[in-house]
Each structure stands twice: as C-alpha cells, then as structure tokens.
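Next up: some structures, all given as structure tokens.
Below, chain A partners chain B and then partners chain C, in two separate complexes.
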Partner chain A sequence: MTFDRDPFALLTGLRDWLLVFGGFVGIIFSATILVALGIYGTSGPVAVMSRVWQGLHDFTHLSPKRIWAISRLTILEAWRRKALWVFAVFAFLMMFAGWFLDSELRVDMQVKNAVSFALTTVLWLTIPVLLLLSCWGIPEDIRVRSLHTVVTKPVRRNEIVMGRILGFSAVSATIVAIMGVVGYVWVLRQVPEDHQPRLSGWNRLCLAVGLLPNISIEADPKNDLPAIDVSAKKFCRMPVYGTLEFVDREGAIATKGINTGDIWEFRSYIEGGTKASARYKFAVNDPVDQLKLESRFEAFRTHKGRIGQSLLVRYVLVNPTKSLRVPLPSFEIKEFSLNEQFINREVSYYDEDLKDTRTVDLFKDLVYFDEDEKLKRNVLQIEVQCLDSGQYLGMARTDFFIRLPDRSFLMGYFKAVFGIWLLTVFIVSIGVTASTFVKGPVATMLTFSVLIVGQGFRDFMIKLVTGEQKGGGPIESWYRLVTHMNDTLALPDTVGVQIMQGIDKVLLSGLWLTQHLIPDLSSFVMSPYVANGFDVPWGMAMFRSLAMTIGYLIPCVLIGYYSLTLRELEAK
Partner chain B sequence: MIEQLTLQQRKLAYLIGIVLLMLPVILFGIPATGEEGSGGKLARLRQEHDLGESTLGKVDPTSATMNLVLLGMRGVAVNLLRMQLDEEKDQKQWAQMRATTESVILLQPHYIQVWRYLGWNLAYNVSAEWDAVEDRYFWVKEGTKFLMQGSERNNRDPEVYWDTGNTLGKKIGRSDEWKHFRKFFKVDPDTERYKGGPDSEINQAGNDNYLVAKDWFQKANDADEKRAQHIMMDVLFRSYPARSQLDYADALHREGQFDETARKAWDGAYHDWVEVFGQMRFQTGDCEIFLEMPAFENAMDQTMAASGVTRDKLEREINLYQNVSNYRYWRAKSHAEKHVNTAAVHRDLYEGEQLFKVNELDAAQESLESGLKGYKVLLDSYKDLTVDDSAIEEGLWAIMIWQKIYQLRNQVQPPEEEIPLRSLWDKEIHRVPNLQQDFNRKYGPS
Partner chain C sequence: MKLLLGLLFPTEGEITILGKPASDVSKNEWIGYLPEESYLYRFLNAEETLDFYGRLFDMSPQQRKERSNQLIELVGLQNARKRQLKEYSKGMTRRIGLAQALINNPDLILLDEPTSGLDPLGSRDMKDLIVKLKNEGKTVVMCSHLLADVQDVCDRIAILYAGELKELGRVEDLLKEQNETELLTSKLSPAAVADVEAALAKHNAKLIRHGHPTNSLEDLFLKTVQKSQERPGQRYVPTASEKS
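Up next, the complex of A and B:
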C-alpha cells in the first residue's frame, strides 16, 4: 500500500473513459453489423439497428418505480436467503477478536491493528455474501422461471439489471453500515484503559463518537498523571506532501540516496556529518502563524555511536534566490513514530557569517517562486540533515510533510467504510452482469477472478506482460519446470523454442487485454490510511474509487441489458 | 430378506445396527480424565506414546480449532503467512508482523524450530532495527515472552526453555546495550505501565536478568531429564544454570559492585559449578563420568571396575569434558573470586580507572598499584586464570592506565622491571598493540 498515489484527475479520467468506452462500443457495433451483413444479408444490419434503437428507447424511458420494485424484490430475496446471517459471524469475530490482538504493543500500533482488523473483517465478510447473491440471482430466476412472470409484465430488461444492482447495493449498504458502526465502537474500546483520557462525561461521549479529534489532556497534579495527548491515539492526519531530491556527500544533486541494504527500496539514506541532505519542496499558499511539520525518518547505524541517544537531525530552511539558509534547532529522531516540529512565522537563528542572531519572516523571506517545470509556484524548501558522523538517515517522499489541522477519526474511518461499500457495488455490478449471460457457478468464478486479480495479482500480471517477470509465458514456464531449468538460464535457439515463445506471445496478449480490463481495486481498500492515522484523501482515493465504480457500472448495465435481451430465457 | 421387512422394522434394524457399530467406537474412544491409565484404548495408547496434544504442553483451543478448520491446508496457510511475515518485516511493518507471528504459531504450536526462529527474530532481528534503546528493549521482551509462551505450549521440550534463558541472559546481559537493558530489566522504561518496577511477565520478583535466566536454564535441564535436547553437547547444555550464576557474579563486577553481594554471588557460583554441575553424571559412550571425578579416587576405581576402561582412558574422557566446558578455568575463577581479598583487588583496579577518568591521578596511581600487586598474587595462585582473555586484558588494561598516568604527569616512567605485573606484560606482549588501539580510542593516544 502506498500513500503516494497521484491525485485523481477528473477531466483526464473522463476523457480516457469516453475514449475507451466509445472505442469499445464502436468496435462491437461495427463487428455486429459486419457479421449480421455476412449472415443475413442487408436485413441483418437493419435488425441490428432496430435492436440499437430499441435499446435507446428502453434507456430513455426508464421507470424509477419499476426499478425500485425490482430492487425491493431483490432486497426481500436477500432477506429470504438469510444474507443477514453474516452479522452473526461478524458478531462472533468481534466478540473474541480482542483476545488475539496484542495488547502489549505501543498504543498507536494497537490502534493500527484494531482498525485494520475491523475494516478487513467488514470487507471480507461482506464481499462473499454479495458476490454469491449477485451471481446467483438472475440464473436462479431463470431456472425456476420466476423471471418469466417479470418479463411478461411491462418491465424492461435494463430495469431488471438496474433494479438488481440497486437492490444488492442497498443490501450491501445496510450490511456495511451496521458492521462499520459496530466496528467503530469496537475500535474505540480496544484502546487500553490506562490510555483513555480522564474526561468529563460530555467530552468522553464526544470523544467516543469522534467529535473531538484533537484534545490535549493536561497533567493532573493531584493524581500525578502524565499529560496524554488523545490525538496521538486516534486521529486522521491531513498531510501536504512535497517533492524530494537528494544531495550526495559531495554536494551534488542526486535522484536517490544510499541503499544501506534494505530489501525494500522505498527509502533512501543520507550520510550524517557530510554535505548529504534530503531536499524537500512544499507548495505553500497563504501565510499562517505556525507550520506543523511531521516526519518519520529511519536511522541506520554503521557504528554503535552513543547508546541511549538517537540520531540527531536538523532542518535547514533554504531560499536559494536570496542565498538564505536558516538552520533550525536539531532534535533526536523517534523511529517508527511521530516526530513533530513547529515553525513559527518569525524564525530566529544564529547566522554563522554575521556571528549574530537574526530573525526572518517564514513567508516573506523564505518562501520563493520555484521555476521548476513540475512546480512553477511558491515553495518552501527544507533540507534535512543527519548530524551524526558515520550514521545514516533514511527517508522517502511521504516521510516528511506539512501537517494541516487534523480531521476527526470518525470521518476518516467512515470514508474507508464507504470505500468498502463502493467495492461491493463494483462486485455487484460485475456479478449481476455476468449472471445475465452465464450460469451461477460460472458467474461466481468470473467475478471472483476479477476480484482476486484486481486485488492482488495485477502487479504480477503487469510484470508478466511487460516481460519484467523472468521465466517467460505459460508454455515456457511449464517447459522450464519439467526440464528443471531455472529462469536465469537462456533457452536454446531452436525452432521448437521459437514456436513455444510465439504461442506464449499470443497467450500473453490475452493477458494484456485482461490486465487492461480489470482495474486496480486496491484504491477501494482505504483502511491502511486510517490504520496509519491519515485521513482518506478525496483526490487520491475517494474520487478514484467513485469514478471507477461509475465507470464500470455504465458498461455493465449496457452489457447486462443486451445479454438479457438476446438471451433465450427458456434455457436452463 | 430385507425386502420382506416392513418400513418400521427396517428402521429398527438400522437403529440397532448403528448402536452396535457405535459401541466399539465409544469403548475405544473414551477420552482420558487426565489420570494415568484412564480413558479408552485409544486414549491410553496416546498417553503411552506421547501422541496426545495435551502431552506436548498446554493446549490452546483456538490453535487446535484452526488446524481442524483448515483440514489438510495447514501447510499452504503457513507458507502464505510466512511469506506475508517476511514481506512485513522487509517493509518494517512491525505491528502487523507481530500479529502474523501469532497467526503462524496458531497453526504450528508444536513445531519447536518455529518458536525458536520467530522468538530469535523478535528479540534479535527486530530489536536491532530500532534506534532508541527503550524500543530495542521492548522487542527483546517481545521475543522473550514469545519464547516463554512457546515453552508453556511445549513444556516437555528442553530447547525452548533453553532459548528463553539464553535470551534473558545473553541478549539482556551481553549485547551492546547491556548496561541499559540490565537496568530496564529491574525498572522497565515504560514507567506509565509498570509504575517504576519490572515487567512482571518476564521478571515477577524484580531479580537480576542472569538469575531469572538461571531458573529457565534449570527448567531446561529438568525437561532434558525426560526428553533429550538436540542443540549441543550435554555437558554444555547442563552447565548453563551454573554459567548463569557465574555471569551474574561477573556482571556485578563489570558494573563496579565489589561488596558482599558480589562475593556471595561468586560463592554461589563456585557452589553451583563445583558442587552441582561438577557432580552431574554424563554418559561418554564407554562409561559414566562426572567432572569432579578425579577428586574422588573411589569413584574412579568403581567406574573403571564397572565399565572396564583403563585409568588413562577414563582420565582422557574426563579431561575432554572438562576442556569442552572450560571447567577448570571457571572452577579456579569462582574459587578465587569468592575470597574477600580478590574482590579488593578488582575494586582497586576498577576504582583506579574511575579516579583516572576524573583526573584524580595521585589516588588513581595508588589504587592501581595496589590492585596490580594484588592481581599478581592472584594470578600466581590460580594458574588457570592466566589463560583467560578477560583476566589477562584486565591486568594489561590496568598497566596501560598506570603508564598513561606517568605520561600525563610528565614523570619519567619507572624502569621496565618495576612495572607491576611485568611478568604478565612480557608474556602477553602480542596482545598489547590491539589493546593499545582500544585504549587510545577511549583515552587518547600516547
């Protein structure tokens, strides 16, 4: 899971969607006309056009009343099929989950585990239920011939598809909402008692429902209680990320720092006590009295150093247009934790050249217009330095950000719940559509495959298609397995191998198409944002998931309509 | 014939058949009550061959349920979890990694190597990833608690007990952060939760880490009596409770404690080493020996008579076992250290260095000279100590400080023959360059 997605560009997304959708419709339409012309002669295209015309008519004469009637029946059907028994499983899991979550861990880690568990449970209990319901509804109606009683009424086929999708979406909304609320209360109760604030009844209630996002409890001198910042346990941070470039030990610009041996190359390291630094540029707009900076750097030691003292880090505010460098006081980093620093509007520092203390204005003296093509706006440049010689400090772009006022945990949590619901709507759309042209088991397999590939195998598929994954296509992999030939060995240059690789290319192009048809569903899963204490960003996650759901819903309804129209409903 | 029966009669026949078939199942499968010989034939066989879940240790119902629910897919599930665990470790998602560790162990509660590996992973690998000493200690505790949980679930297995003791002793007492860790063991850094006391889960009585480790090593030895361990030679494995006592006494000296508590610790160490470990019986293949056997002529004679081995062979065997466990050295060391005079020698050397650090050069010189003289007497009395690295380095280090004091005071260094402990200096001169480098790094070059 990365928090570093590009924001969703609505207009570009819409344009791309129209291009793909239009192209797809155009190709199918042309192909159908040509096939009809070939089989039936001139009467073929006429029949196709009449179907298209019928479709246009049906879609422009939709009846919300009839759609709702189908939806209502769908909801009743779900009820009859005991879909809501899923609550029993959910309740069972929630009752005993606390036993298996480690209560010894640091509080933020406990919250992380609890939030992840609650949201993952909601996700993976809802999806199978909705998947089965949506894939088996229409085939079952066809089997028991109850659909005959519907289609003989003045109900259009598109209304059946839409009613089904709407009905199942309503069922999933109910399930997800109830589970979400129960999960929320459960997460609140998971925070250890001795970390619960000593609040008045009203404040406790407000905190419980997430209306107090950021409360600082003062130390109680009577009870000798330490000050507890409740916000450190449950909140949703609003980060503003910047750009990152590295400066190496010689002072030259570099795109990456040093790899200290981590397998995961997410972070790069800078060497302490040298010219090496990490240069962050943040776009800033209106001046404020105080900026809150937060970082999550990692330390790597090449020698023991001073045991008991963490690495020293320093921020330097830089305005290259005025050749102004303002070093801020150094601090010890807290690894895998929040390092919060505040910068006031007026910054005082000791000027090495003048040998005197100077005061500068953060926005007037340090913010400057950056001519870089990527930015082209006012920026604040902050250099991060490690002061311990021989030690290394690791960072990624998202490890350092300006923190805006926090949002409530409630808001972030329910955005993630909304994401789960959107995913169920997506699944329902695919499931209902698939069930219009294949039987229940096949529709289930198809929808399940879309879900699994979209959730976890997309990266692997892209590697296969682009050739990044060693070992070749399916035939070559099979050949290598049988001959015990590992994927680093070159194949002999024979005709057989060329034929094998040729077949693989054809098969992989099918995979290429699949990879482009099945979307990346990971953006629907927003729990990592909340679990890590971040708000779910609208641009990066919410709009993307919403647009993806609508983007697939429209063609699904269209395909479902034509499948149901053209299908022989007598078939079993 | 069955076609001639009525429906009612057929049902009755089926019922009687079911009951008759169930009888042997019930008789064979009656569960055990926990008492010896109780239960049906299957329960008794299970007990006899140690095959039951309950005979392996404390039963975790969740774990048993998970394994049943997964049917034959446990191996697949474990593989997936282990891959997930590795990925979480690579990506430094510690909370999730800890939770995945628990899931793995739910599926493999009696796979000893899994407990050992994952316990080590938490206490050593994960703790090293954190920069703050308090955080590192937290993960050492996590690893220790995990191993303790493992020993509870597999209370017949000596190896997880040994690992628990080893983590408590070596990781807390010997790592780079040992000074902090040993303090944290008695006063946990999470003062909010433990109110200035120890983490009661690993140290209920607030004892020294080596003494707690000693208890766990003792449990390992007790378990080893019933089921043999497979990680090292018996003579080494069995020496650990006594070694822990030795480490405890040594740690007190390392921390500058030379009082009666330290002396008693050495006294206890001598007792544990000679009276307990030295009397343990080991099967060599040819005969049964114990390490103190040469001091008991009767025992030697009896063993030779019973096993038919020659005196020469028997002495060789004993010597081999003594060498493996460094027995004679530790016997000499603990014997020397339990005396009040020896403690005074160490105190003089230690205090000499402390005085040197605060620039009390006269007092430091006096203290060092007194200590070095005493040290010479000590080494002359216990020849076994003259082959020990730490004993040699302690003497050489004190000489270097003594020389440095002369240098700082611009005094003419006394002739070589007047160097206290000169015999040791001459004998171990090859060690001096390396040691001098460490000395220069700490106190500056000459």
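Up next, the complex of A and C:
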C-alpha cells in the first residue's frame, strides 16, 4: 500500500460510472423488452414501459418525511432489539487489549499497533451487526407481514429501500462514532507512560484532541523525567512522493538498482562510492521558505565500514535544463528510523567549476518543467548518492518524500473512522438491496461474499482472469488436482483439453464480470495511513471511497425498488 | 382484498379502486386497511405506532398527536398507550390495528377478518366500532368467515366461492324467506294459539311453528357480563332441585 496524495479524478470516475451504469441499464432494459415481446406479444413492451414510467414517477415524487419515518423506525428497531450491545463487546476488548500489545517495541510501533487494533476492532465489530441488521430487516418484515401495513399506506417502494438504508446508516454512524471516540482515547492512553505529556488541565485536554500540534516537553531532571517530543507520536504526515529511476555505476539510466539477494524486491540498491544514484523527481507547486525531506533508507554492507558510524549519504539537487547540480552537505543515515533533512529556499553550495561558493534559489533555479509524458509539470529533481565505497544503499519510491506541514492526528484518525462508516454504508446498501429479492440468510451470505471478495480476493480474481495465475480455470485446476499434475506442466493438445479450456474461458468470463462488479473495498480501510503516521488524503482515499459508496448506492436503490415493486409481498 | 391493495397481482384482468389502478400507491391516501392478524411492529407502543403510520401520510406533528389521542380513546387503549405491542392481548392488538387503519381518516376502510380470534366482548366492541364508522359515513368493506358477525354489521354482502362471485345484495333481501311470514306477538295462551291457527286456516295458511323466541348465546353472554358489571359480586346460585 502506498500513501500517495494524488487528486481524485472525479470527472473520469463519473464518466466511467455513467458508462458502466448506463450500459447495464441499457442491456437489462433491452433484454426485458425482448423477453416481454416474446412472451406477451405487443402488450409486453407496453407493460414494461409503463413500469419504467411508474419508476420515473416514483423517483420524482419521493417524500423525505416518509423516508425519514422509515429510517426512524429502523433506528428504533435496532435500539429496541439491542443491536447496540455491540458496545459492551467493544468495551470489553478495549479494557484488556493493552495486556496483549507488545510494550517492548519502539514508541512509533506501539502507536501503530494501538491505532491498527482500535480501528480494526471498530471495523470488525460494526460490520457483523450491520450485515445482520440490513440483510434481515426487510425479509423479516415480509415474513411477519408488518410490511403489509406500510405498503398499504401511500408509501413508494423506493422510499422503503431508501428509508431502510438511511436508518441502518444512521445506526452505523452512531456505533462507529462512539467506538471511534472511545478508541481514540484508548490509543492516547496506550502511549507509554514516560512518553505521556506531563501536562494538566486545559493543555492536557488540548493535547488529547490534537489541538496542540507542536508541543514538546523539556526534561525534568528533578523528578528524573525525560524530554518528550510529542510530534513523533501524534501526527499525520503529508507525503509528496516522486518518481524514481536509478543511475548505475557507469552513469546509465536504469529502472531498477542492484538486487543484493533479497527475495523481496521492494527496494533496489545503489553502490556507494560510484556514479550510481537514485533519481527522485517530485512535483512542486507553490514556493515555500523551507522544504522538509524525509527518508527511510536501508543499508547493505559488504564490509564492516567505519565502526560506530552509519553510511554517508548525499542529496544532489539537479536542474538538467540549466545543467545545474547543487550538492547538499552529506549526512549519516539512521537505519530503521526516519531521516529528516531541510532545504532552505536559498541554497548555498561550493561550485567546483567556479571554485567558489554560490547561492541559488530553490524554486527559481532548481525547479524546472519536466517534459516526461508521465510528469509534464514543474518538478524538483533530487539525486541520492551513497558515499561509502563497497556499501549499498537500498530504497523504494516511497522511502523518500517531501513532507508537507503535518496535519492533526485527531483529524487523520477520524477520517479513517469516516472511511469505516462509508464501508458500513456500502454493506448496508448491498444488504438491503439483496434482502428485497432473497431471504435473510441468503442475503447475508451474498453480502458477506461481496465483502470478503472485495476486501481480500479481488487481486486473486484479477490474476485468474488475466491468466497471471498459473493452473488455468476451475475445470483445468480440478483436472490438475485429480491427476496430480504440476501447474507448470503443459497439458496435452487433445480435444478433451480444448473443450475443458473452452468451458474455463466461459467461466472466467463470468469471473471477469464479477471482478468488475465487486469494488476494491480495501480502499475504505484507511487505518494503515494513520497507523503509519500519515494523513488520510482527501483525494485518493476520502473522495474515492465516498464516490464509490454513492456509485453503488444509486443502482442498489434502483434494484431494490424494482425488486419490491415486482414481487407479490403476500406470495408465500 | 389483497388484490385490491396490490399485495397480490391479478393473473388477468384489471383492478381499479377509487378510480385508480391497484398498483397506484396514491389511492392509499383514502384507504384504511386492517390486516388479518394486525401485523404491526411489536417493538413500538401504541403512541409510537400511530405516530409512525401518521408520518407515512405526511401528517404534521400536531395532526399526528391529535389523531393518535382521538384514536387511542376511540379504541379504548388509554391505559396501554405506552406499552409495547408485544405485551398486548389479541383484542388489544386488533384495536390498535384498527386505529392505525383509521389514522388518515379514510373514506374506504378494508377490514380483513376483523373479529377473528376475539372473545365475545372484543368481538362486540369491534362490531360496535364498525357500525360507528358506518354511521360516520365511511364505506367499510370487510371479509370474514364468521357469518354471524357479517350478518350483524353488514348492509350488503357478497359471497365468493371457488374464486367466483356467487351472490351479491343487501343482507335483508338475501336472507328474506319469501314463502313464509313471521309474526312476533306478546305471550299467547294455548287458546289464543288455537284461535290464531283457525284464523290462518281461513286464509289457507298454517302455523308451522310456535314457541318462545330465544336469544343468541352472544346476547346472553353480554347481558350476563353487563349485569355482573352493574352488580359486582353477584354469582350464580343453584336452585333447591339442582342442589338435590
């Protein structure tokens, strides 16, 4: 997972959504017209059109009061059926969770674990409650026929679906908000005692809610209390990542650096004391007085090097359009930790050619317009060099970034909580819609499957569809299992195999469609941002999740409306 | 009735109610419906139930409050207005069911088995309410397999059998026996009965049956309960012959 802050392309998303939604509506409408024509003759399409017209009428004559009445009923039902007992489970978990979290770790790791635990608990306690409530509400109303007393009032079926979704969303908002607040206080309390600020009264309260962003506390030698840098623990960083390319020891451009034998190819290495470097290009917008750079590089040593010292690293600011190279002072990297460097607006350096110190403006002289197709914007190019011969410095694209002014932890945390709520709204939409055409247990299974596939199996599904996953489709996999045939062995070119692979292609087409229908629900889970100390970006995370929720909510309401309209509620 | 309300779909033909198709929800503005079993939300109390159904008619808070109070009084649930419906008896559930059907002051009231499962007192109350609604000028359509109740409250009846309409008309017209005449007099002596027989013979008619008219069991029960309410503590005392 990366923590990029790219903006959300609303117009592109809207266009894609309209294409998919319009396409599906068009296909279903055409198929219905054709089927109706085949079965009922000319009166069939007329009846279909009258239903469409009735639908348009019902959607343009919605009553907010009636929708709210049904929402209110839903909330009361959840309350009276003791759905909110989930708080008791949450409180129980929170009371004892601290015992099982490792207190020997670094402080940032402890905070990471605490934040992850709190937000994951909120997520996985809320989901089952909402899943059951939303999937069983309407089927239960139909079973005990209480829905009969509602539909015999001037209530439109879309108002019932919308009212139910709104009501369950309100219930989930309450649950998530209360758990979120409790979780937040718990996370703050989980910070080790010697790192908890020794403040009292108003300041403590302000700190607790993230209103004191830059506070630090000096050591208290009288009471043997250490200094505290609160900023290390309770802030959400805002990274601006760049693009990364490597320059090898000969000075040639490469997409990857050296592999030092690690199976995990996340990081590539550059060789120290040579021309090898890693070239980062960061998009830069408005000039600022000072840029903050943050990195987390890894060292790979081929010899012990200087005892007690880490690798020496240097940043070089490069403007190829002016053939300007500005080396910054070298520094020792802190391994397994963050390296923070600052670049002032005016940068002074020793020019080897002029044999003199020269001062340049960071934005006027070093920022340039990059013609690269992927960028096409103003960039700041920084080369990272390792100065120790025989040693290697490893890095990935996300290991080095410009750190914008930090945001409050409180804000970041509650953005993640909001993401959880959006996911519950998505589940509620799917659950309520499913419950309009199948019974409670089936609706629950259906919604749960969407949730599980969307959360964890989507990538696997994409690999299957694209053929990246070896072993073929379901029939071929089954055949290989039964015959104990390794998935790297080629199948014989027989008619049977061709038939088998043909069937697999059809089945995989269905999977292809499913893969496009089920969204990537992992984007709703924003806890990794906060747990890793990053702010939740509005564009990539918040707006994207919000758009996804609305994008599914609209067809859900439409499907739910027609399901309830076209079914006989009294039919057994 | 379920076809009229759009809960079932006709296999053929069309249904209109108040001039609108059965599938048109706007017709429900003028209709009140009491389902067979009062399928209400059991976690709500009487006030909340009526408030909820009032909201479905876009009624203002003031209107909902006034109408709820009127209806709770009408169906006699003042003492149970705050109790959840899951604690209600069958009779109370039917009464709150009727109240929800009347929340919009409908012109047409559809009652599905309104007296089914009720004790004689509850049944009497329900029938009195139906008659009261009729007297208020409402059109009440009810279906029931308790024919005595139908006879008690209905002006016109229709008999459906095997999916077909077999009979339709005013109750007194359909039940009237055209070939017989009924006289009801004060108590007659045997001699007077003989005279009546003689007089009838002059007109080529004969007395088929005579005796004392009997009350229905429901009337007897209601009278007994009424007496008991007027004179609490009074009990049945066996006569000397019964004791022996």
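To be clear about the criterion, the second predicted complex is superposed on the first by the 548 of 572 C-alpha atoms of A that agree within 3 Å, B and C clash if a C-alpha of one lies under 4 Å from a C-alpha of the other, contacts with A are read in each partner's own complex, and residues count from 1 in each chain.
Keep in mind that, in the parts below, contacts are C-beta pairs under 8 Å (C-beta built on N, C-alpha and C of every residue); 3 or more make two chains touch, one makes a residue touch a chain.
Since the structure is predicted, the reported quantities are computational estimates derived from the model, not experimental observations.
Contact with neither chain B nor chain C is seen for A:His484 once the two complexes are overlaid on the shared chain.
After overlaying the two complexes on the shared chain, residue contacts for A:Asp262 are found with chain B alone; chain C is out of touch.
Of the two partner chains placed by the overlay, neither chain B nor chain C lies in contact with A:His303. When the two structures are aligned on the shared chain, A:His148 is found in touch with chain C, with no touch to chain B. Once chain A of one complex is fitted onto chain A of the other, the partner contacts of A:Lys65 are limited to chain C, with no touch recorded for chain B. Taken together, the two complexes place no residue of chain A in contact with both chain B and chain C. Put simply, chain A touches chain C in their complex at residues 54, 58, 63, 65-66, 68-69, 72-73, 76-77, 80-81, 144-146, 148-156, 568-571.
Taken in their complex, chain A has these residues touching chain B: 100-102, 104-106, 109-110, 112-113, 116, 194, 226, 262-264, 266, 298-299, 301, 304, 307-308, 310-311, 333-336.
Those residues of chain C lying in contact with chain A across their complex are 2, 5-9, 23, 25-26, 28-29, 31, 33, 35, 37, 39-41, 43-44, 48, 52-53, 55-58, 84, 100, 104.
By the touch criterion given at the top, residues 62, 90-92, 94-96, 98-99, 102, 130-133, 135, 138, 142, 145, 176-177, 179-180, 192-193 of chain B touch chain A in their complex.
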